[in-house]
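Take a look at the structures listed below.
Shared between the two complexes below is subunit A, which has subunit B as its partner in the first and subunit C in the second.
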Partner chain A sequence: MARVPLLCQWLLNAASLLVPRELRVDWRREWYGELWHFIGARLESGDRQAYRVALTHCVGAWSDAWHLRREDEASAGALSRILRHPAFCVAALALLAAIVGAASGGFANTRRMIASLPYRDPSQIMVIRQTGYFMGARLGLPKGKVSGWRKAESLEGIAGYVGYHALVETNGWTEVEAAAVDADFFGVLGVKAQLGSLFHEPGARNCGDCVVISDQLWRSEFHGDASIVGGVRQIAGERRRIVGVLPRDFWFFAGAPGVWTLSDHCGFLASDRSLVYAIGRLRRGYTVDRALTELRKIYRTQPPVIKARQVELRSIEELTQDRMYRNLPLALMGLLVLSGGLVLVAPARKAGLRGAAFYTTKLSLTFLAAALAAIEFAYAPGLGMTGVRGFAPEAISLWVLIFGLVTSVWFAGYDQRRRCRICLARLSMPVQMGARGHVLMDRMSTELACPNGHGLLWAPEDPLESHPKDRWLRLDESWQDLFELSGKR
Partner chain B sequence: MKSVAMLAAAVSLCAALTGTLGCRLRGADSGISALAGDWTLTRGFGVTPPDHFETSLSADRNRVFVRSRWEAAHDGQVGLTLVGLATPELVLDTSGVESAAQVGPFVLRHTSRLNHGRLITDWSTSEYMGSSYRGSWIRTVSRDGAMLTLDIDAVSGAGDESRARLIFRRK
Partner chain C sequence: MGLDLKLSYTAAAILKAVSSGRCYGFEIMEAIGLPSGTVYPALRRLESGGAISSQWERESIAQSEQRPPRKYYRLTRDGQQLLAQAGQRYRLPEFEETETR
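Moving on, here comes the complex of A and B:
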């Protein structure tokens, strides 16, 4: 006795959900009957492939079901109503912003840029570098000079650092970003360990083989195991003891290096002339200019004798949280909430106000998505450990912003023109009128109607000064019946 | 009769395969074994090598252990052309599999192969202070086995090229 295979039944039942409700029972009966006879006849003729062929045949049920759904006028009408609703436009733009969010780990960089830096009193922390002669290059400073600045009265503390790459023994070998820092580095920043201790704390200060790891490395490679503190691993070419894990929210410039080692015990930083960058904590009461004058004076007098270039002192807040990029998403979100709220609460009779608010909502949402993409994928990740953003990330983020602004204005205007002035639904039923060759009369234009019967739009294809631009003809309530009928159909 | 012929054919095929493989392995072994030994730097062209630079090569299956020692300069620094060479120990895998090693502030990634008795290594480094490097080393032993020539070809991320040759004498 032939029977329809279980997999075929599942396929048919799933496909039947696509079929319009009133046709569904008949459609399913027809497909089941056809399969039953097909399999029976094939099995009787000794075909062992009957079930496989039946399964292949069932795949065709999906295209059949889809065709029926597409032909169904009620479904097409319902879909059209959804697509033309103003909320759909806003939802599509919100989805675009959500995609940016999903790809960027929940706007991690933007959140970092907006939130306060994870250091004690971050406004007092300065980055000290040497300015180059070309394209705003920022160079490191001789390590010996940084040590000499420890006696500067204008600084509460100073520490050198330099980024590099390290191989870490995990389950295999992982290459991570690393930093070699002075023992006071975390003390200058004012950071405390999440687990264990940091270099400025007793026990780890002069520990040459000690290493501090980031929260991200601890979770991803060591599975958040607290017993890793005190453990010894091969890190950056040596057996090193993990003494601490940095806090979860800690970051330094573009991100947090996975591994932090002491610079005094790094072979490649053995010389006083090795270049390092430095951070310093400005003492209260001292200005940046005063501190800079003192640092330059010490630089000239302190060995080793190295020709001085221009020393630069910049606030870490200024370098990592650029005012424009920090405030732009906030301003756009504020505008979005304001205009979106206005669309929802504005009374129906204030059609102009609702239209303007809807226009602003689209504009701010589109530009917000572009601004977030610029920050997440170009601007924030482009900041190196040197505190310098490369030319490419800087230029790309700026161009994304410019392109995003132009696109937002164009899209918001283009979409707004094709919407009902009353209910903001997208206009439908376009009718071409006139011809492009008719210069004086019967010029080429399109007439569109509001799907809810609020009015008609006459839109010339190429408006001139002598001809009116878009003309909106409001329909009175006597037309409502006609549009309700077309909607039902 | 037919089965005997098939057996003979199978045996011949196995013998041919074994012979070919054996030759290849012997070739590989002879390449590595020729390189093995202790070497002292005698001359350097295109680079200033550290004083008393010595290197020792030993082989274990597909791996070549390169152990080096030298007299450190007073500032402890060595030219970037010698990145990966002026390092106490480096293990090269001649099977073509990529390996990684910590060399100062760099992670050095390298693949090696034996080609007509020459040990060829292609390498690249991670970035440090905005610069990265890539290049190749070719180690060749003279016919009499007394001299080892190491040709260095290095290119920085900015496109600056550096070519050097180190000549070692067997100790």
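Moving on, here comes the complex of A and C:
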């Protein structure tokens, strides 16, 4: 007995939702019957492709269903009313923002930028580095100098780190970002393990082959198996023991390396002149300037003798949570809630106020989508382990913001011009008059009507300044019956 | 002539297939080699224009053969006239006559 495959049934059922309700049962019955016979006949003739061909026929059912929907005048009228409703415009813009969210893992970078950093008292954590030879470039510091700064009174603690790539033995081999850090690194940040222990905690001190892994690596490659702690794996070319898993919300600059090893046991950091970056915890009561003066003094006197460029001390909050990018989405969301609320609660007679609030809602929502895209796809991912943002991500995010702002203003204005001044529905029935280039009579213009009968708009299309502006003709209630009739047709 | 339908070549070919005894959607598709997404909307247009009419197969027949019922299409009188006119405009494919259900 031939059967209609489940996938075909799903396609037909989904397509049938497009078919007008009164025709739906018949439509589904006809398509199901046809497929049933088609598959049966094909199978009987020994055609192995019967199911695949049936599936391609089902795709045609969507075309058939859409045809019936278009033919249905009531549905076309209802669809037109939905498309012209101001809520549809807001929903479409919200969908744009939602697409950015879906593509970025639920605005992960924006949430990180807004939330407090996952360290103890993050305002006291400083990144220490040297200015480079070219604008914006930042260099590491000799490892020996970082060790020398341990005696600085202005810092409670200091730890060096450097990023690299490593292969991890999982079920196969996985390449991950890794970091070699001093034993005090997590202590300076004030982070505790969610499982096992970190390098500064008892059980992992002076443990050369120990490794700490990120929560993401633990979940994706080790399936969240708690027994992995204490296990030995081939990591970064050596047999190493996994001693701890970092907290789920932990991140460091653009993300979190999957693997953390100890720098003391790293071959490429054996020399005191190897360059590393450093983080330090500023002691309470010390200012950044005072700490910097002390660090520079130690740098000059402490061996090895290396000519210093300008040593720089920057707050990790300042580097990762730029004030403009942090506050912009919050400000736009506030504006959106305020203007959106005003559209809903403003009385109908205050048409001007509602119009202005609707304009602001569109503007803030469009710009919010652009700002979120700039943060998610350019600004936040562009921050390297060094705390330096590449030139391209910085420039791209700024251009996306500028383009987003210009587009938002243009779109909000363009859309607003073609909306009813009373009910904010998109105007319909455009009638074009005149011709481009006529300057005395029959200037090129378009006349539009509110689908709810509130008024008519005469909109000149010629961009000459001497020409008149838009003219809105408000219709009184005596016209309502006519528009209601046309809506029912 | 009661119909004011402008027939495209595709619609005329479908009409021709129906007149030659192809009386349900998939059979017409197979005969003229067009996909379901073209044939079915054309059948709907021809039916709403009065060139063809449709009828469900008797439920008792389908039940006795343990299969779902089928919807059959047949040419109306107006449809025959329309097809004759289209035959003068287009060179329509020839189909082997089959038994009409």
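What to note about this one:
Following the convention adopted for this analysis, the second predicted complex is superposed on the first by the 418 of 489 C-alpha atoms of A that agree within 3 Å, B and C clash if a C-alpha of one lies under 4 Å from a C-alpha of the other, contacts with A are read in each partner's own complex, and residues count from 1 in each chain.
Operating definition for what follows: a residue touches a chain if its C-beta (ideal position, glycine included) is under 8 Å from a C-beta of that chain, and two chains touch if they have at least 3 such contacts.
These numbers come from a predicted model, not from an experiment.
When the two structures are aligned on the shared chain, A:196 is found in touch with neither subunit B nor subunit C. Shared-chain residue A:160: touches no atom of subunit B or subunit C. In the superposed model, A:340 lies in contact with neither subunit B nor subunit C.
Judged by the touch definition given at the top, the superposed model places A:258 against neither subunit B nor subunit C.
Look at A:393: by the touch rule set out above, it reaches neither subunit B nor subunit C. By the touch criterion defined above, A:275 lies against subunit B but remains apart from subunit C after alignment on the C-alpha atoms of chain A.
No residue of subunit A lies at the contact with subunit B in one complex and also at the contact with subunit C in the other.
Residues 140, 162-167, 173, 175, 180, 236-237, 266-268, 270-271, 273, 275, 384, 386 of subunit A touch subunit B in their complex.
Of all the residues in subunit B, the ones that touch subunit A in their complex are 75-77, 100-107, 126-130. Interface residues of subunit A, counted against subunit C in their complex, comprise 1, 26, 29-30, 32-34, 36-38, 40, 56-64, 67-68, 71. Touching subunit A in their complex are the following residues of subunit C: 24-26, 29, 35-41, 44-45, 48, 66-71.
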